[in-house]
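You will see chain A twice below: alongside chain B first, and alongside chain C after that.
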Partner chain A sequence: MKNKFFLFTSILIFLIIFSIFYKGLHKQNIYTPSVKLNKKIPEYSSKLLYTDKIINYSEIFDKENFYFLNIWSSWCVPCRAEHDLLMELSKNEDIKLVGLNYKDNTDNAQKFLKELGNPFNIILVDIDGIQAIEWGAVGVPESFLIHKKKVIKKYIGPLDTNLLIQIKSLIK
Partner chain B sequence: MKFFKLLISFILIFYLNNAHADNIDLNHKITKNLRCLVCQGQSVYDSDSDFAISLKIVVANKIDEGLSEKQIYSYLKKKYGEWILYDPELNKNTYLLWLLPVLLFLFGGVIIFKRFKIKN
Partner chain C sequence: MLSSSIGYYALILGLISSLLLIYFSLLNFRDNQYLNTKILSFTFLQFIFVITSFISLIISFALSDFSNETVFNNSHTTKPIFYKLAGVWGNHEGSLLLWLLVLTLFTLIFLLKTKKQPLKYRILTILFQQIIIIGFFVFIIKTSSPFNYIFPVPKEGLGLNPILQDPILAIHPPILYLGYVGSSIIFSSALSATVLGLITKKWASHIKKWVLTSWIFLTLGILLGSVWAYYELGWGGFWFWDPVENVSLMPWLVLTTLLHCILVLQKRLILTSWVIILSISTFTLSMSGTFLVRSGILNSVHTFANDPERGIYILIFLFSLIFLSIIIFFFFHKKNESENESFFWLSKETAILINNWFMMYFLSVVLIGTVYPIFLDVITSEKISVGPPFYHKLIIPFLVPFLIFMAIGPKLRWIKSNIENKINLISVFFFSILISFLIVRNFNVNFLINLTIISGALYLFFITIRDFFIKKNKNNSQKIAHFGFSLLILSIMFNNIFSSEIITNLKVGEILETSNTKITFNDINQKNEKNYKSIIGSFIIETKNEKAEKFKPELRIYNQPIIITSEADIKTTLLTDKFMTINVVQNQDYFNVRYQVKPFMIWIWLSVILISLGGIISFFKKEYEK
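Entry: the complex of A and B
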């Protein structure tokens, strides 16, 4: 009787552990950042690139328009690659582009825009990366589609033509 | 009078030093429990990536603002999700994780206790 009980419980424990590990085998363990959507934009204020004015986020993002916040930097190679797409997106009148210049040197940032063109309506300066964290970003480039003061879509990494088509269809 | 002034200034200096050291300890404690999201297998404390450096500044600022350890965790959880914490909190997704070791321990204890009783 006692032996049977012991056998039964060991098989049960074995089965539980086996099923947990078996399930774990098929689970992807590469980290993908959680893309939490419909999150309110953070409350913060920031310095602008071309002037020394400090502006609050609530003054930048209003309720009607679509906004595309792009975190970029002159030292970031993928940012250079996606820049043409941003230029194309900036031609669209339904959306306003906001740049967040991440851990960059002001002169280099301005040179970068002079060379490749400036797609942004407004450029915020984030010297120590604190604002990027307020947005929940992990690096550059990263972009956020904002509507009604909420982040409705988040793009990690550089944009490509497919994503651009998706963005354009979203803001129609 | 001079002596008192000296004494007060010494007390102030040591007191402020202490407060500062406490903040640094708390900062280390928190950043050791934060997962650096861009570098696999490292804590924010150990990492020197851009993300980790910024996060260390944010944690220091939040401590200066007077937020408690728990408040800082919940602030970062709102931004990055549960994954940023090495030490997951007890909730409906993690209760099995937290309770299983305790249950196994109790179960083993029952077996040992029963055997001991039978022997006696």
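Entry: the complex of A and C
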């Protein structure tokens, strides 16, 4: 009696382990960190790309407008791929695009924009990558949708047309 | 082309011999008094088939025959011949073929070495072995054949992961596999002995050999892996609690426990359930290791391929074996009636039993730490990672009583014992605490934890040293192994306490000065080697007490595939290792420089060698007595 009880429980336990492993095999193994939302924008100041002026974040982002902060770099290949979408987004009147030029060479960055067009209303320069860390970025490209001085949405990796439609619907 | 076909058909023939062997053993099991000679010849033939297959894969690698898919994926013409050959088992398909080779070899040796054992037991063990072998044959032929063709034939291969281009790593998998696969014999033998009711003292002394063999290879295999991680991965550590390391540690823990249980069984015919369950778990844990590493359910340096089909196959195979053994255990195993109440509180077997429970506790910590993240991910989609603090916090406190029982246990007698030399045992104990207090006091570390562990380890250390002098030549294997273990814990603790590290970014010509060390970055050189480009930094390190030393850490940029690896420059002396690595910082002239001083590194390796030496002595000792 006791023996059978142990037999069945051990078989049951191993069956459960089996099914969990079986399910686990079919799971995606790519890890995306959870995104913290509704976070206030960091308090920081930054140099601008075309002038040497230093400007505070609070002067850039005001309470009314939607802002789209895009972290990019001339050496980053996916940034090049998403650039057309940024150009398209910049035609929208309801949103202002802010570029954060990440660990880049100023000349290269300017060449990049000359070649592909400049979608940004303002471009911040992040030579050492500290500002990107302040924003909580994990890599380039990465974008943040900002409203009322808060990050309401975060996009890891390059944009695509679907995401662009979503962004446009969010800012209506 | 030709060698691939030969290899493939040899595998098919090997599978056919497996089926024939099962047929013959079933026939022989019922009929005969004598072993059917066909069983022996087909086991031998099967081994010949598998080794033919393995050699043809070696030839394909040696000749860089890129019509073979495995060679194409894992080799390159510019690779040195030694690594071309090591590439045979540096990938999923080839390593499985190696596993199969060892499996058939061990089966053959088992058959040859057990002429004195009962016939039914031999045949049944062969039958179980063949079930495992068939499982591997089908797995290789169906899902991971190393002999697939590619057409048109590519001109160049894709190269071998350069992290794996290391002489230590070239022999690490074969040694580890000898350990893993040795446990398959223990598994089959324990099952058939259970079925036939043969769990006896005689069986214990026969299977002890196999347990020792497996244990020695597993110990050395883990050591090699750990040495490799230290030299090659450039993190300056030797154990990272990486899931794949844990997966090799778990069978080791079980085997060590099994080894001690077998000793008890051999003397007293108790703990039979322990022995059977441990024998089963050793092999199933080795198999789960293969499953976890090969299925891609874990991501680590060891993961070769992420192919769910392979994972599902191993999973089903593994669990069929588990269910088979559970059923056999419950239906056939009968406990001896005398077994239950025969433990006296103060005896050698009680001490072994207590430490067995500690071992099982360590095993469950490692098992939970490895498997729980997978479970949690599947059930709740939550990702967690379990790191060293988890293992350290749960294992370290329990090491102290474990070490003390390890010291006292061997001094006790079987069945019933008194503590002899009480005064000695107690005075050594206080002496250890005193010494440990004097050491720990001078350093700014967690006082209580370090004090207790170092006392525990020192206690075992002094007791075993004392034994070498008073009980000459008696049970040397145990003394050496236990002494090695105390040395291991001590070296790890001292390594941990005394280690120091400087991490900085430097460019050529710069100097960094801390309170007691001065690092000068002199120069940088580039060289082109056969299959990589090397960047060698040249540093001078000056400390207050020692004279200046030159360090030349290296970065290697491999061409196929393009991977950057960092080769540490390590200066080893008896007392400390000095360890320096460089790394590139993105888009700048700067290099990330990491300089570590790691005392007693070499003692960690030496103590593990001592532990396995204990096993080796025990393995050969029985021969003399007979």
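Here, the second predicted complex is superposed on the first by the 142 of 172 C-alpha atoms of A that agree within 3 Å, B and C clash if a C-alpha of one lies under 4 Å from a C-alpha of the other, contacts with A are read in each partner's own complex, and residues count from 1 in each chain.
In this text, a residue touches a chain if its C-beta (ideal position, glycine included) is under 8 Å from a C-beta of that chain, and two chains touch if they have at least 3 such contacts.
Just so it is clear, the structure is predicted and the values come from calculations on it, not from any experiment.
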Partner chain in contact with A:W75 - chain B first, chain C second, else both or neither: second
Partner chain(s) touched by A:K103 [first = chain B, second = chain C, both, neither]: both
Touched chain A residues, chain B compared with chain C: C
Partner chain in contact with A:F18 - chain B first, chain C second, else both or neither: second
Which superposed partner A:H26 touches (first chain B, second chain C, both, neither): second
Partner chain in contact with A:I133 - chain B first, chain C second, else both or neither: first
Partner chain in contact with A:S10 - chain B first, chain C second, else both or neither: second
Common interface residues of chain A - those touching chain B in one complex and chain C in the other: 31, 103
Residue ranges of chain A touching chain B (in the complex, touch as defined): 31, 33-34, 36, 103, 128-130, 132-136, 138-139
Sites on chain A touched by chain C in the complex: 3-4, 6-7, 10-11, 14, 18, 20-27, 29, 31, 75, 103, 105
Chain C - residues contacting chain A, complex: 291, 295-297, 299, 306, 308, 311-312, 315, 319, 322-323, 326-327, 330, 374-375, 377-379, 383, 586-587
Partner chain A, residues of chain B touching it in the complex: 37-38, 40, 50-51, 53-55, 57-58, 61, 79-81, 83
